[in-house]
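Two complexes follow with subunit A in common, the first pairing it with subunit B and the second with subunit C.
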Partner chain A sequence: MSTITFDPETLEKLQQQKPTRPWRKKPTRFTASVTLAVLVPALIVAALYLRSDIPGPILLVIIYLPLQLIASGIAAWATKGTRGISDSVIIVNSIGASLFSIVVLVSVIGSLIVRGLGALSPQFLFQNSVYISPSTPLDYGGIGHSVVGTLLIVFIASLISVPIGIATAVYITEVRGRAVPYVRFFVQAMSGVPSVVAGLFILTIVVATGAFNQSAFAGGLAYAILMLPTVARTAEEVLKLVPDDLRTGALALGSTRARTVLRVVIPAARTGIITAVILGVARVIGETAPLLLAAGNNDQTVVDPFGSPISSVPTFIFNNVALPYPDAVARAWGSALVLIILVAILFTLARVIGRGRVGR
Partner chain B sequence: MGGKTGLVPDASQLALRDLQSAATSHRGDRVFTRTVAAAAFTSLLVLAGIAIFLGLQAIPAFQTQGWSFLTTTGWDINTTPPTVGIFGMLYGSVLLSVVGLVIAVPAAILLAIFMVFLSPPRLSRILTNLIDLMAAIPSVILGLWAFYILNPTAEEWQVLLNKYLGWIPIFENTSGNFLGTPFIAGFVLAIMMIPIITAVTREVLSRTPPDLINASEALGCSLWTMLRYVALPYGRGGIVGGIMLGLGRALGETIAVFFVLKLVYETNWDKIIESGGGSVATLIVSRFGEVSGPLELQLLLAAGFFLFIMTLIVNVIANLIVSRTGRLQK
Partner chain C sequence: MSTAEFEDVMDLDIEGAEASTVHPVGPTEMAARDLSVWFGRRKVLEGVNIAFPKNTVTALIGPSGCGKSTFIRTLNRLHELIPGAALAGSVLYEGKDIYDAAVDPVQIRLQIGMVFQKPNPFPSMTIRGNVLAGLKLSGMKRENHDDIVEQTLTAAGLWNEVKDRLGTAAGDLSGGQQQRLVIARALAVQPHVLLMDEPCSALDPASTLKIEETIRELSKEVTIIIVTHNMQQAVRVSDYTAFFLAEEGTPGHVVEQGETTKIFGNPREQRTLDYVNGRFG
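Up next, the complex of A and B:
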């Protein structure tokens, strides 16, 4: 505890100063200038939009943006001096960039809801599209066959990629062999494989060789290629969070290395590993190109994973988007809404489960 | 994170390694270790498999076409031998990605700056979730949206661009058709790249040591000078890597581009608002539906091979840059 001493003259000066309240971050003058800087350009442009016939985009880019930049520049100059001007440019532009992204997102999600909701009905979700042509009214047929197909394909992909993905993560975090940097590198490189290339690959080694038809199995293999890197990388992050004390404890009790991993480490990271699987599924569930190549298309409900081509939600959307029939397009919007809801549910599940602490 | 990064990490690490190597002598463990190691190399196996099998298919295509497969543009199957070249498609993929990058890079970096340095924590948490959601939109849905919602708006913008900036060569349009242009396709790619670049940039910017930021503020730096001299140089490697990752995604994007780009078998060099362009990935999907025979399929597989090589190179460079900066920052 030290005290600061001032000479009497300075002390008197200090005491005469008004309290500056440094904790009050925004003085009124600042607030006023910001409010003005936001309101004035917006009002001018709104007036121009209503009163003149300048097209909207020009108004936005040629008039509003420069006007907003100048207004905030002046406001910043008034409160913070010349140095404030470059700050105001950054602030205005970064708010603009955020708004741009939000507008795009709202537009996508909003249009899905507005145009897709009309198509949804129990029959749309559960019936298949046999006897349905693109011009058939929406009251008949549905995407039940595609939903079954997507679920089957994703299930097969998970059966293949989840064990391999977790084993890869175990190799990186538990075995810690010499090749760890290389394995990491290859997993990273694999995550960059374009989905259409994964589809082509499965087409050449599975379908073109005559081993299997276009089928849920072939589609699942293509999905597994895309899913594996996500599962492996997320599982790696999760296994790293398991405290070393658990490992040393298990080993010290005489457990073998395999038992330590299988009975202690993986159960401890259970929730995290479920998250990894869900993220992997969410990553692939909307992929279209690999299924166009490897799984084909079908109007009937197929449950045989090997024999025949199979429909899926993404390929159903793909086939209906550009058709000149309003009902087919409405089906595309409806199934797009179903697909995005599936993705959203998966991500929410991953968040909720992932929030549970590792080790419980 | 595991609490092992304190002053005395070595003792426990050593103990763990000793215990593990002592346990490895067990026979079941050797089986376990080998199984896991074998699974770990699946990724290498798949990468090699793609390169080998698509590469083998590319050989016949090369034998009939020679180097003109890579240096010319065209897709005529009916002549014998077919005259096919994918230069315009490869170039088109790059052109679309560049258009996308021009839009996405400034937007993503500014967005990340907003999230890290400007917005209140609660808002930036909401934004993070929204950006994640944006990344999760399947490309077929983005294609559907672009086809019906973006197209009319973008057409209007492009007409205006052409009207007022038409004297700049890249904004020329002689056909009067403003749909199916590289600009629209690039815009859709930008929407896909923004979440990727933003996520990486936000990550590296938020790792800027607070000491450096505080010091720069104490020295009287404004936000701009702090970004210019502290945060951006510090995160430069990561940002470049994030951009490359986005580029890798854009080069391989298929379905969304399929709906908004009019595929033409000639090279569109720089007319970004002229209808018609190329993209390898889209070529594969659009030709596959009406493939005429095994020869054309082989040509498509060859195209896929070069797409794979192109994206692999971009991704490897990106990951090297990202992991190197990651190490520097630790």
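Up next, the complex of A and C:
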């Protein structure tokens, strides 16, 4: 290895070099036009809002948005000519659309926090509702029994639907048997089953026949019917993304098809398959109707999946939200907040497990 | 198939008067006999007859689209995985037709390994895991995994670069390193025949040289069939060369085959001479 040597003068110059990002520099004309394009419509609308009686939403949609579009168009034209105009239209619209969805999401979560936070307390999270009536003050009782119920039911549903869903996806993408079009059709049709129908189905087939009580197991079965198509279809899309090179590579090493799928294809699609499970859980966790029918209701904490009816967060919300007692309604909002937090925790957990890097 | 028929196949690689000038052909490890290949209704290869003597290197050359890759994939039964694939004729391995109904393709692929044009390490496994993947996937039992990892990676010219990070993800390696890794992976199951489909097309000259040394070294124990677009490479590594060509609208076929020195030095066909001298293709 030889080392390049510079003469002292160059060396000094080189040592004074600082890293820069020349591609970030914009011409003054550009910065000025963009600033104007942002400020002028905002100032006009702010002035109108303060000085006139036009309601805010109408101002935003009917005056601000077109104004912003025109201003950006002019700015783009001034700096980049006509071809800049279409760019600016797309940029303004996409920023506007993403802001809109963020606003919707934030206001849903915001209203949940505003109305639900008051009910939250350790006792609310961990106690059950035995001896609690709708008029009992918020200082007593909790939804611990519903949280346990929801977790148990979702766990049972996942235990059933995840293996079957992945197996279905493997049949469609890897086995590629003759029944693929039919299997795909039925999976698609299943994703259209209304949740109340899934609940009714389990109620008639499992509960009414006396095979099982209303229970976490029966509720889990109803949830599994709803989860299955989501898991299967997402897993199918994910398995399709695994490059064929890996399959032929494994087969060329003398692997059987089963081993290829289990040891190469599914591991390669691991994060995607976890996404499939997450989407499946997200599909069902707030569903109320199937649990009203198949899982029933209970004020006590139940951990036996088969024995007795069991509470869940959505059914608890359903039972309380329409009651004429402020404390019951507050409990319902608190439960809704807990449900959202629960979902966030489950998804984070799944992502952390899924991220596990290859190697040490 | 009788022994007499098999003898026939062994002598197929040369036709006509010049047959006697070609060196005595050793025991044949693999051979294609009257092999024609289709994708759907399109015939892409016609009447290919080649014998691959044991522990030699055969280069398959020819312009893109002449069916070299398709041919090589018929040799370890990967061709049949493509929907619409069909073939006629036979492929013999140790004297037996690998397309016989009683033959398990998994066993064939275990003994006839393959290295692909694009590196395809398994992303869910470490470097070490990739080298040993063949053993796990095929259920083959071999002792001393540490030695296997070191030997095969050394043979593939990658050991010094990765010996301190065998436990890291294979996907973090550069393209050239990944290619040498999959060569090591193919060697770990100790194949009798190694098919290489343009293994060096993604490599820099230094890595290419290492792979070529590996090929020469391996050919003492393994029969190697290599597709290459690099004429110098064919000359450097191979004992025999087969020139494939698909002329306008016709299926690919073998124009000429024989000892590499002869194909490149004194070919019988004008088309071969033009191709190896870069005048077309």
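Convention: the second predicted complex is superposed on the first by the 230 of 360 C-alpha atoms of A that agree within 3 Å, B and C clash if a C-alpha of one lies under 4 Å from a C-alpha of the other, contacts with A are read in each partner's own complex, and residues count from 1 in each chain.
Convention: a contact is a pair of C-beta atoms (placed from the backbone, for glycine too) under 8 Å apart; a residue touches a chain by one contact, two chains touch by 3 or more.
In this text the structure is predicted, and so the values were computed from the model without any measurement.
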{"item": "Subunit B versus subunit C as contact partner of A:189, first or second or both or neither", "value": "first"}
{"item": "First, second, both or neither for A:253, with subunit B first and subunit C second", "value": "second"}
{"item": "First, second, both or neither for A:243, with subunit B first and subunit C second", "value": "both"}
{"item": "First, second, both or neither for A:344, with subunit B first and subunit C second", "value": "first"}
{"item": "Partner chain in contact with A:134 - subunit B first, subunit C second, else both or neither", "value": "neither"}
{"item": "Touching partner for A:104 - first (subunit B), second (subunit C), both, neither", "value": "first"}
{"item": "Which superposed partner A:267 touches (first subunit B, second subunit C, both, neither)", "value": "second"}
{"item": "Superposition-derived comparison: subunit B or subunit C, residues of subunit A touched", "value": "B"}
{"item": "On subunit A, the residue positions that both subunit B and subunit C contact, one per complex", "value": "243, 245, 248, 251-252, 255-256, 260"}
{"item": "Residue ranges of subunit A in contact with subunit B within the complex", "value": "55, 57-58, 80, 83-84, 86-87, 89-91, 93-98, 100-102, 104-105, 107-109, 111-112, 115, 163-164, 167-168, 170-172, 174-175, 177, 179, 182-183, 185-198, 200-201, 204-205, 208, 225, 228-229, 232, 240-245, 247-248, 251-252, 255-258, 260-261, 282, 285-289, 292-293, 314, 317-318, 321-322, 329, 332-333, 336, 339-340, 343-344, 347"}
{"item": "Subunit C partner contacts - residues on subunit A that touch it in the complex", "value": "243, 245-246, 248-256, 259-260, 263-264, 267-268, 270, 357-360"}
{"item": "Of subunit C, residues touching subunit A in the complex", "value": "76, 78, 81, 106-107, 109-111, 113-114, 116, 118, 120, 122-126, 133-134, 136-140, 167-171, 182, 185-186, 189"}
{"item": "Contact set on subunit B toward subunit A in their complex", "value": "1-4, 12-13, 15-16, 19-20, 22-24, 26, 28-29, 31-33, 35-37, 39-44, 46-47, 49-50, 53-54, 57, 106-108, 110-111, 113-115, 118-119, 127, 130-134, 136-145, 147-149, 156-157, 160, 164, 191, 194, 198, 222-225, 227, 245, 248-249, 251-255, 259, 281, 284-285, 288-289, 297, 300-301, 304, 307-308, 311-312, 314-316, 318-319, 323"}
